[in-house]
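Shared between the two complexes below is chain A, which has chain B as its partner in the first and chain C in the second.
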Partner chain A sequence: MTRGCVMAEPRASLHPRRRRIDGVTAGLTLLAIIAFAVVAGPWLSPYGYDEQALALLGQPRPPSLSHWLGTDELGRDVLTRLLYGGRISLAVGLAGAAVATGAGTLIGALAGYFGGWIDQLLMRFTDVMLSIPALPLVLVIAGLIRPAPTLLVLLIATLIWPGAARLVRSHVRSIRKLDYVAAAQTLGAGSARIIARHVLPNAVPAIAVSATIAVGGAIMLESALSFLGFGIQPPVPTWGNLLNEAAPWLVSAPWMSIPPGALILLSVVAVNLVGDGLRVRGSGL
Partner chain B sequence: MSRLLDVAGLTVDFRGQRQGWVKAPPVRALSDVALHVDSGEIVGIVGESGSGKTTLGRAILGLIRPTEGSIHFEGTPLVGAPPKQMRAVRRRLQAVFQDPTSSLNPSMTVGAAIAEALALHGIGTREERPARVAALLERVGLPASAAARYPRMLSGGQRQRVGIARALAVEPALIVADEAVSALDVSVQAGIVNLLSDLRDELGLAMLFVSHDLSLVGYFCDRVVVLYLGRVMESGPVDAIFAAPRHPYTRALIDAAPAIDPAQRSTATAPLRGDPPSPMAPPSGCVFRTRCPHAIARCAEVVPPLEGPAEGHRAACIRQDELTSANHQEFVPS
Partner chain C sequence: MSARLLLGRLAAAVPLLLGISLILFAVVHLAPGGPLDVYADNPSVTPAALERLAEAYGLKEPLPVQYAMWLKATVAGDWGYSIRTGRPVLTEVAERLGPTLMLAGAAAALAFVLAVALGTLAAARAGRWVDRVIDALTLGGLSLPSFWLALVLQYAFAVRLGWLPSAGMETIGASSFGDRLAHLALPATVLAIVNAASWTRYIRAGMIDVLSRDYIRTAYAKGMSERTVLLRHGLRNAIVPAISVIALDLAGLVSGAVITEAVFAWPGIGSLFVQSMDGRDYPVLMGVLLMGSAAVVLANIMADLVQAVLDPRLRDG
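Let's look at the complex of A and B:
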């Protein structure tokens, strides 16, 4: 009986597919859990992110039944601040990565498609941007102006887009040489149409990979900035400035520093798992 | 018969690769090439790899900008033509490419690819197009249901039929077929060649058939142009060239083509040895002299002009008259 079923679906018998969890599934699951927690958490929590329990003022208190991850030295609930901060860290990271990927794709596509002096101009500019050391630049800018979230997003995007531009350019260059581009030109399609309909759709795997790399980079950058005190300003928490606040208590109150550090790590690992999995899927199957 | 395509003095240089600070000199891919195609005619372009036959096809399609020379299509000059004029020409001048896998966009369905051709030239309304796509698919021997498929779901021969349908969509007068069957299995080749041949008979389609397969060209084409290292060696009617080639290179090519009946196999000349010289440093005078069994000192001095007894059949060889008559004596027993 089972044999008959196998005969009916020869593909299933030739390529027995063991259920394996690849990076994309694992990464997306992990991200979904983190996203759900940071969206629902603060909403379910009985505390506000800047609500102080005056009785607990003075020094951090360890985890207890009423405060699962303890409180900080100002009597604020660590778990609530952690999840609320995750909203901002993830939102800034995702937005920064989205802007960076968009800009990188546009510039990479133009450079790769047209080649010649346009390529030279755009790619030398990309090289210049890539060679600027990220942190000193950000520190200077953030020192001059107090960054609002929008500005922070743009700042992060400015630092990340060159990587995306390079990756997209190299893919566009190889796609551009294929005959279906020549066929579209022979049919009289314009450059904009060819890029939009024939080149970019086939560069999507590469763009997706660079987007996930960008998300990881953006989350790290946001955390680094906030940790150094140049990002989102307290009392609004982000994972980065939570780490900053936890720094003096590193040994005496590790429940303040470990959770935000772990969540930064987990989120970046999750996004990179997705990116790596996409790359494998693109090349393998 | 009206003149569709007229190419004169076509020269294409490729820029040399920059190596560090030193820039290599340009490579001459085509040199002073002339040819014409009349309506309803199939002209074969033959030559070894590196002879410039693909470059010639691409230059005619406007994908490569020629360095010198002119290309006229139905009387309109194509070199340096304004985009608007070029668009009108595109509808009459189409292409079928070598590799049917890379000539179809993998992210577009077959139907979308053909419909795009229609849309680009405003043929039919949006509602009419699916029916037109179906008719085109049936015209090239595919079921109308193929429209919903992606290229990866089709075989090589089927993909090439889609490529032909896409080219036919805009009702061209001339199709440049660049090695259109050489990537396919021999049995599939026959089907595609027959399809192209039917299209010529039914639609009066003219074709520029770029190929390295001499026997296919002999079967399929009306006239042949033989290229070697970017120059025309010989051109003329298929029958005349196969019966009495006037250029040693053409003769060598014909002799090298496998014959099914060993008795028909010619032993007149030794097979060509070695590879064509590098186009970066072509020989002086006649470019073929380094491999020619009949080369004499003067071959290194002058570039042989394309000339011949009849206007239709010409060869670029300074010894063509003596060699042809010598061959003649060889072949006809007295």
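Let's look at the complex of A and C:
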């Protein structure tokens, strides 16, 4: 009956998992490294992202000393395009997530704080947005209006905010029942002031977690869109459209397909590490 | 199973479906020239013909009237005609439903088995190294871009090793059950992995919650084996809250197959969607979206019903 003894002290709830390096630190470090590489890389590279080496035209060339990740069929340096593309992918991802988190926080806070018909209206709208499959919808809209990068950011944000709104709403609902909110109301503070000064600052952990989910989602959505050819258009590279360009060469030049996906994976892992770490730290989430 | 519960859920779905239809209708009218914009570049369609088409399709009516007309036709099953093939949209979509359901079903079964096994194991050994390895695996699975995973698996198993076919649903002229299965293996794995990762986390969390309950200690005290306690007392209770998430993802599998089907040339809804994107075949695109959204709403209702079956306390809800 040793098993019974083990169960007598439920370890999962009493001893939160301790990691030697906390996920938040690891994730932020990884993100910083990737961010540094994509910002400094193209600047350090001797090649332009759309500069063609005429001698290397025709087909992709394998990695060499002068071109560390090889060249594509147009004689362009793959590493330079990869790092330059990272700027676009990360920028679109971060901007899309920022807009989505902002909108989600606003809508979630209004619904959670006021309740009643405002809550009903906003949450039914959120349900509707959550029911329409995101990638197909964004594909149709992108096909219809051929969005410029700024519009693409808004489009991605439109599809990501409902998740953030739900999470923030549930936290705001529990916060608004607390005594200090009642105290602020008694003192005559207006709703806008209470939400901005008393409720939202205490919902920051929930907002931060939904922000990490949004960043991961936005990076994935942009790269999926570009992979299918409906996101950022070539010759401007992004990790998604680099994969799109590499896919036809999968058999003869497989080395081109690995790096863009690996960087998407690493970036999203980094963001998710931060999110998981925040959840462990806040442990109420 | 009370019929009242089912009716209540169905009634709640009506406003949701109306909201979805409004958004989708707005999307069709987003096109700069309206739904007929696709013909604008076509030299054989004269302005006079465009005018007649606009008249015939009721595009000169006020928007609310147009919405009512569109809604009425949609409910009646008249989803318009494909621009690419000229066939009814409903027929086009229905034809592709089979392969997609086969792919999604295989992926869901694989993901479910993986998630139950890994989630239960992780919860039973919470905080130990097995749990950490599974945690790392799920983190990776959640962060994997499916289209890249598809390319990598295609390269490894089809190009390099030559064990599995790289694309399609069957070998022309040599179709058999085994052949189908071989074609199904790679796309189903890709589709399964992302879902398995998130389901594993839900099942682990549910299990950890359940395992701290008194009745689990009682079961151990009765002298039951760990296996029996975990599967009979633990899993059955832990799985109920995970069902609603799983059901939603199931509906998502149908439309989430867009990328996977495109990479593996699987002849389902996803491939139809990507083909229609290339031809700007909007009636078909809207049909797929409509069906995908309806699947999500339906899956939500199913999830409530399944939960009621598994947990008698929810039956009168």
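Some points to look at:
Criterion: the second predicted complex is superposed on the first by the 264 of 285 C-alpha atoms of A that agree within 3 Å, B and C clash if a C-alpha of one lies under 4 Å from a C-alpha of the other, contacts with A are read in each partner's own complex, and residues count from 1 in each chain.
The definition used in the following text is that a residue touches a chain if its C-beta (ideal position, glycine included) is under 8 Å from a C-beta of that chain, and two chains touch if they have at least 3 such contacts.
No experiment lies behind these values; they were computed from the predicted model shown.
Once the complexes are laid over each other on chain A, chain B and chain C both fit without any clash.
When both complexes are overlaid on chain A, the residue A:F227 reaches chain C alone and has no touch with chain B.
When the shared chain is aligned, chain B comes close enough to touch A:A183, but chain C does not.
Contacts of A:L137 after superposition: chain C is touched, whereas chain B is not reached. Annotation for chain A, partner touching more residues between chain B and chain C: C.
By the touch criterion defined above, A:P254 lies against chain C but remains apart from chain B after alignment on the C-alpha atoms of chain A. Within the superposed three-chain model, A:P201 lies in touch with chain B and out of touch with chain C [touch as defined at top]. Of the two partner chains placed by the overlay, neither chain B nor chain C lies in contact with A:L151. Looking at the shared chain after the overlay, A:A32 reaches neither chain B nor chain C. Of the two partner chains placed by superposition, only chain C is touched by A:V268; chain B is not.
Legend: residue contacts after superposition of the two complexes on their common chain; A:R124 is shown touching chain C, with no touch to chain B. Taking every C-alpha atom of chain B against every C-alpha atom of chain C, the smallest gap after superposition is 6 Å.
Contacts of chain A with chain B, set against its contacts with chain C after fitting on chain A, share not one residue. On the chain C side of its complex with chain A, the touching residues are 15-16, 19-20, 23-24, 27, 30-32, 123, 126-127, 131-132, 139-140, 142-149, 151-152, 154-155, 159, 208, 211-212, 216-217, 220-221, 223, 226, 252, 255-256, 258-259, 262-263, 273-274, 277, 280, 282, 285-286, 288-289, 292-293, 296-297, 300. On the chain B side of its complex with chain A, the touching residues are 58, 61-63, 86-87, 90-91, 93-95, 97-99, 102-108, 116-117, 120-121, 163, 166, 170. Residues of chain A that touch chain B in their complex: 178-180, 182-189, 197-198, 201-202, 204.
Remark: chain A residues 1, 3-4, 7-8, 10-13, 15, 17, 124-125, 127-133, 135-137, 139-141, 143-145, 216, 220, 223-224, 227-228, 230, 243, 246-247, 250-251, 254, 257-258, 260-262, 264-265, 268-269, 271-273, 276 touch chain C in the complex.
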